[in-house]
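Every chain is named by a letter (A, B, C, D and E) in the order it is written, and numbering of its residues begins at 1.
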Amino acid sequence: ATSCGKVEIADMNWNSASLMANIDKFILTNGYGCDAELIPGDTMPTSTSMAEKGQPDIAPELWTNAVEALINRGVEDGTLSVAGKSLSDGGEEGFWVPKYMVDENPELATISGIKKYAKDFPSSEDPSVSAFYGCPAGWACQITGGNLFKAMNLEEAGFELIDPGSSAGLSGSLSRAYEREESWFGYYWAPTAILGKYDMVKVDFESGVDAEHYKGCISEESCMDPQVTMFPPSPVYTVTTANFKKSNPEAYQYTTQRSLTNDQMNMLLAWMEDNQADGQYAAENFMFTYPEIWSKWVNKDVKAKIDNALDSL
Amino acid sequence: MDNTRETLIEIEGLYQIFGPDAKNVLPKVKAGASKEEILAETGHTIGLQDINLSVKRGEIFVIMGLSGSGKSTLIRHFNRLIDPTAGKIKVEGDDIMELPVKELTTFRRHKMAMVFQHFGLMPHRCVLDNVGYGLLIKGEKRAEWKPKAVNWLETVGLGGYEDQYPSQLSGGQQQRVGLARALCTDAEILLMDEAFSALDPLIRSEMQEQLIDLQENLQKTIIFITHDLDEALRLGDRIAVLKDGKLVQVGTPVDIVLKPEDDYVRAFAKDVNRARALTVQTIMTADTSKLEGISAKDVRDIFPADRGHAFVFNNNAYQGVLTKQQLDDMQDDDLLEKVLIKVPTVRRTNLLQDVIPLSLNTRFDLPVVNKQGELKGRVEASKLADVLSP
Amino acid sequence: MDNTRETLIEIEGLYQIFGPDAKNVLPKVKAGASKEEILAETGHTIGLQDINLSVKRGEIFVIMGLSGSGKSTLIRHFNRLIDPTAGKIKVEGDDIMELPVKELTTFRRHKMAMVFQHFGLMPHRCVLDNVGYGLLIKGEKRAEWKPKAVNWLETVGLGGYEDQYPSQLSGGQQQRVGLARALCTDAEILLMDEAFSALDPLIRSEMQEQLIDLQENLQKTIIFITHDLDEALRLGDRIAVLKDGKLVQVGTPVDIVLKPEDDYVRAFAKDVNRARALTVQTIMTADTSKLEGISAKDVRDIFPADRGHAFVFNNNAYQGVLTKQQLDDMQDDDLLEKVLIKVPTVRRTNLLQDVIPLSLNTRFDLPVVNKQGELKGRVEASKLADVLSP
Amino acid sequence: MIDSSWLTEFPDMSRRELLAIRQSLDSAYRTFSRDYGESIENFFDPLLYFLVWFENLLIETPWWLVLAAIVGLVYAATRSWKLCSGVLAAFLAIGYFGMWEDTMRTLSIITVCTILSICIGIPIGILMARSDRAKSIITPMLDIMQTMPAFVYLIPVVMLLGIGRIPGVIAVVIYAIPPVIRLTNLGIRLVNQETLEAATAYGATPTQRLFGVQIPLAMPTIMAGINQTIMMALAMVVVASMIGVKGLGQPVLKSITNQYFTLGLLNGLAIVALAIIFDRVSQSYAKRAQKHLEGTENG
Amino acid sequence: MIDSSWLTEFPDMSRRELLAIRQSLDSAYRTFSRDYGESIENFFDPLLYFLVWFENLLIETPWWLVLAAIVGLVYAATRSWKLCSGVLAAFLAIGYFGMWEDTMRTLSIITVCTILSICIGIPIGILMARSDRAKSIITPMLDIMQTMPAFVYLIPVVMLLGIGRIPGVIAVVIYAIPPVIRLTNLGIRLVNQETLEAATAYGATPTQRLFGVQIPLAMPTIMAGINQTIMMALAMVVVASMIGVKGLGQPVLKSITNQYFTLGLLNGLAIVALAIIFDRVSQSYAKRAQKHLEGTENG
């Protein structure tokens, strides 16, 4: 395992990814003797760079929907390798409303209720229409969200699809509304710090999940006749470069194993939020507190080494 | 000069020291340290020290002095372009150091106009707008001041250049624009810092006449810095001479030339063209003893004993010169007019330069008469020679 | 002036027209349109038209003319600061319009130094560095040129100001820095654009002497623009007069004063102080007839019949003036020295201003002698009076 | 670890203290935004209405009418047919590549931002030039405005005002205004003292000095500031779109995440074209007003 | 829709054509980057090694040594104890709030970027000032560099060079270099013609004119350009962190996505502090070299 050498781990800027990256760094460094380094970067530049330049080596939490074409091409070209699921049950997407609104008017928990009370969601720039906060520009969910918006005839119901521009814009609009107990209706996903922090209710589309239609039409920009369907779980993978897989089979083995459930992740995120912790602090905390989780990802030798490292911390 | 004119500007104990810490250097200057010492010791430059002077209404007050002696600095105190380190400046009795900003502005607009040594034109305005600037500032409409500005431009010889920009003009043309700007404002007091230095002799003398006209007709008070002694003597009612920031002498042109107060002023006045600077008045011998009569016997008794020649008048009109010898050679009844020598008369206000050829052309004294033709004195060649000898 | 000197600078058919479309306006100018017409019609200003002149090595060549007549424009062609619209400029036979950039630079560095009308100092360099600029540019080390620069600064009277910046100096001081900068370069040709205009008379005459020294001792060629006629006459070997960009007359100072080619030059020269401008040479009557002898009989026969007085010499040394009457009254053996009148002698190079008092003090002509004391002529009061009458 | 660790590690604040500070600040801000958000929002309402109206005007008016108006304005400002035809060509290309509507949206918001920046910036620059005290107070604020990452203040602004045009305008103006302020200050401070003194001597009031001498003579530098302000404003288009401002920024963002380079490039070029048009028009308008600079050297 | 639709809708390119163009351009670029990426990368290797070395130097040297070196440098450049103590205080605060390492990383890359920008920018600005042709070519390029959204060219650059410091430096330099170029050009063009003419008359070569007259007299304007370049460089820190540049940008981004305002603010302030330090040190260094401006009016 001393042959592990230099490993670069992509450190994306949202909490769960950063936590994963730091966990990987800790384990690869202490358990596999790698010289692990975190490389900051956004999803797009990072995955582009991995596919085209083979650097960094590991993307611990990649929402592949967002960069599906790129990953697929990378896998085809033999530059990328999908190691395993980082979130075992996938990311959760949906349209959400604050709980306090549902408490006041339980009908708002379903899409039909939302449409009925569209007037309760006035847009701030033009109060005559209702606001639906869509997915940030350019994300894969912009297409799916857009198609569903169409499928549910939200426009006829008086809603306007507002592009928040970025996840920061989206979460900003959400917290603003939540802090003031105002109305909010829009797309969001989990596990995230925001959904951990704010009590939100996922709106029931009253349609169940039609995974096939979702894949075949809703997620295509050219979808002519979108039908209503709940979001199926969104795949969240650990992706590595093919190079890494080849030269570090042991470490690669670990990346295929490392995976958390949504519940586990939500718990960790809540802890991070409470402590305003950064990824490194949270990862150390995780390693101390939850040996039962991470010990399943590694073999005994490695575990011993890691325990050692934890003791000397 | 008319001594009864009232005082317009009065300056008392004015000091100007250039440098970051002027206030603290002031005591040293007052204690009498020299300009070089102060510069070497403290890095401060003395601009002016202990200036006391007054300018009377309607006079042309000329300031002269070596380059760097503080002339520009002094003139810039008159309209408070710089604040003195110490001292008072009163204009019409008001201390302008105490004027509030608003009144200072009004004062500058209406009382004073300035011609700058380095012209100070506005590069972004055309010549016409530069000339009208003073009026524009007062709030006059362009249509109102335009004819006036055009008129002044023509007076300074720049008709046709209205639409040029200063950078397209020659040095002297720029200076004339600055001149026209000052003249265009109708201010009572004109501050002129080497205002003619870049002008050729022809335009310069035109401008000098213009200035004298202005002073005579409109009673303007003019403070004029020049390096040209002839100009100073021609224009100045009084002349002040500065040296190293100190006032060395203030006096009439004749005083400066003939009674310099120290060697510095003497050196300064040495090169002056006295023939042009001085008038007959300054050298004539007062003497009203004339011979009145037609024939030899009329005058034989009254011919001055100690003179070789005398002036003959008839009916209060000058007739000519009679020598002692001629008289001696004449019969009692001989008519004087037959022998009289026609020596021309001069006036007290004539410049010496006009008198010299006359004097050279005769062996006799020249009679000095007044407007009415009455004899007032005579110009002796030897005195003329004296005053012209360097 | 020494006519055998070789030609240093030659200018042929030089035209300069200011404006965006000079080339197309040129034919109109050549066709003889006036400056005003061109300005009004095309907005172009004629700077120079059809200038032909040559400057000889070692002379002081003065350029005069009305303000705006093109003097600065002309002088700036000598080192090609501006390119002419048409015409040739040759220095030592080379057409400088055809010099490649590199040679032009060398030429400017070694051949010419310039004093600018508006000084052209570098505001970001202290006075010392300004003075040494020409040498610095040539690549000399500061240590090498510093003593020289300090020396020149002292010569122009600015010792002690080495570390000041130009903005801290008075106008005249700035001009002197510009002067020192030019003198410090050792260039063969000095271009001086109103180089003394801001100087006071004392420093100015010092500087004039400096210039004459330079020319005499180092054979520098100096091209000098001035508005001061006295200065022009004092310094100039030849004077060129410009009018509206045309060359009106080129000649010696005396030519300009006494033989003006047209009314313009006459008006220009009118105000000149002739007494200071002209020498005895210009007005003396050549006449070597002297009386040689000791007693009356020695000279009685040779006394000129048509004169009232004559100059007596003895052993080739001037003794005094003898009048006809005195001679008539004397015995043959009477010694002349008893009666001789001591009229002082003058030299041909004396300025008239020095001669006037002498002439005023005597009724007789003044004898003109040369260095050896030989009689060359006489100065008649009437001729002196003539030339001094305006 | 042992105590001498400060030799190698910076002795930083304990995590707990930091946490306490962070949390209390964060929640203080939350409270603030909850309490005052409403009234601050109302304050900006008129601007919002104007922005919406202007955008709708540009979008709903037929394109050829808008184009004619733009070209007309450009001609009025510059009197240059060359520039006009350039503008025409640029807008036709923009339309042809299907970016007309986005361009109109960006045009509307950027016009407002640029005009706001110039109208606020120049007076502040003047103030700075007049008083050294003002300068020493304003300079660090400008430094903060230019270097504090937009997001740091954007999110609080979003929490206060929601996403959309108003926070967009605020962000753009904050980022774009410093150059014009700084260069106005510099330009005025560099004005020749002699010329200014001449104005004073003739009794010019401070205002007359300012408008008659300082600003005209500082114009080239001020125009450089305006140029930079325009550039900065257009550089912020994408950032503004991250908080929900519609326009050319959104397709750029979209194209990035989807690796549609060409799309990004086209929209980027449309932004560049707007920048160049704004800049050239303002510069040539200013140049028309400064004919004196054409005169060359001095005699 | 009927044919007269062009009256209300801009007659744009058909979607299909657009798509074809897009796809061919995209794949052409991909092929290019695969073929030449390697060699282009090698070209930048020396810079990369230097960057890495410099960053490591700053991080691995004990903090008090680094701090002493920085303060020493500041003193050498400015001779101002006031500034030195300000710098000291700023860095101590940064360390105390636990941002030492990130600050060092940002410091290292920004130092390099700023120096690069100035060293490349000033010569280009000079070139622009000398030749109108160069100016007319360079100006639009600068417009593009300043307004083309960084994202548009970042992804191609990442495809070519991967993420990390080099693309970061490229992005920062592209964005930060225009102000110094523009203002160098402006400053030189505004230099008094008479002074320049005097230099010419004494036989100054173009180079001597440049370094002896033009640049010193243009200094205040050039320094304004350098100030803006520093500001722009630090404004890009966050964008750089999106493509793998470590430093203060990353915590800013994280704090935004996670709504840790205080954290964002602190890191933002550290960026601001760096900007102010860079700026003040360079300005006061330049001022020391221009004593002549202290002399006031003229006599």
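FYI, contacts are C-beta pairs under 8 Å (C-beta built on N, C-alpha and C of every residue); 3 or more make two chains touch, one makes a residue touch a chain.
Since the model is a prediction, treat every value here as computed from it, not as a measurement.
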{"item": "Chains touching both subunit A and subunit D", "value": "E"}
{"item": "Centroid-based (C-alpha) most distant chain relative to subunit C", "value": "A"}
{"item": "From subunit E, the most remote chain by mean C-alpha position", "value": "B"}
{"item": "Leader among chain pairs (count of C-beta contacts)", "value": "D-E"}
{"item": "Rounded Å distance, subunit A centre to subunit E centre (Cα mean)", "value": "34"}
{"item": "For subunit B paired with subunit E, centre-to-centre distance based on mean C-alpha positions, whole Å", "value": "64"}
{"item": "Intercentroid distance (Cα basis), subunit C paired with subunit A, Å", "value": "94"}
{"item": "Distance from the mean Cα position of subunit E to that of subunit D, given in whole angstrom", "value": "19"}
{"item": "Per-residue multi-chain contacts in subunit E, two or more chains", "value": "154-155, 194, 197, 249, 253, 256, 259-260, 262-263, 296-299"}
{"item": "For subunit A, residues that touch 2 or more chains besides their own", "value": "44, 48, 168, 172, 175, 276"}
{"item": "Set of subunit C residues in contact with two or more other chains", "value": "72-73, 117-118, 164, 168-171, 173"}
{"item": "Complex interface listing, subunit C residues touching subunit E", "value": "79, 81, 105-110, 112-114, 116, 118, 120-126, 133-134, 136-138, 164-171, 173, 181, 185, 191"}
{"item": "For the subunit E and subunit C complex, residues of the former touching the latter", "value": "194-195, 197-205, 208, 212-213, 216-217, 290-293, 295-299"}
{"item": "For the subunit A and subunit D complex, residues of the former touching the latter", "value": "43-44, 48, 66-67, 69-70, 124-126, 136-139, 142, 162-166, 168-169, 172-173, 175-176, 179-180, 275-276, 281"}
{"item": "Touching residues (chain side subunit B, partner subunit C) in the complex", "value": "18, 36, 39-40, 45, 64-73, 117-118, 157, 160-161, 164, 168-173, 175-176, 194, 197-205, 227-230, 267-268, 271, 273, 275-276, 353-354, 356-361, 363, 381-382, 384-386, 388-390"}
{"item": "Of subunit D, residues touching subunit A in the complex", "value": "15, 19, 22-23, 26, 30, 33-34, 37-38, 41, 48, 52, 151, 154-155, 158-160, 162-165, 240-246, 249-251, 253-259"}
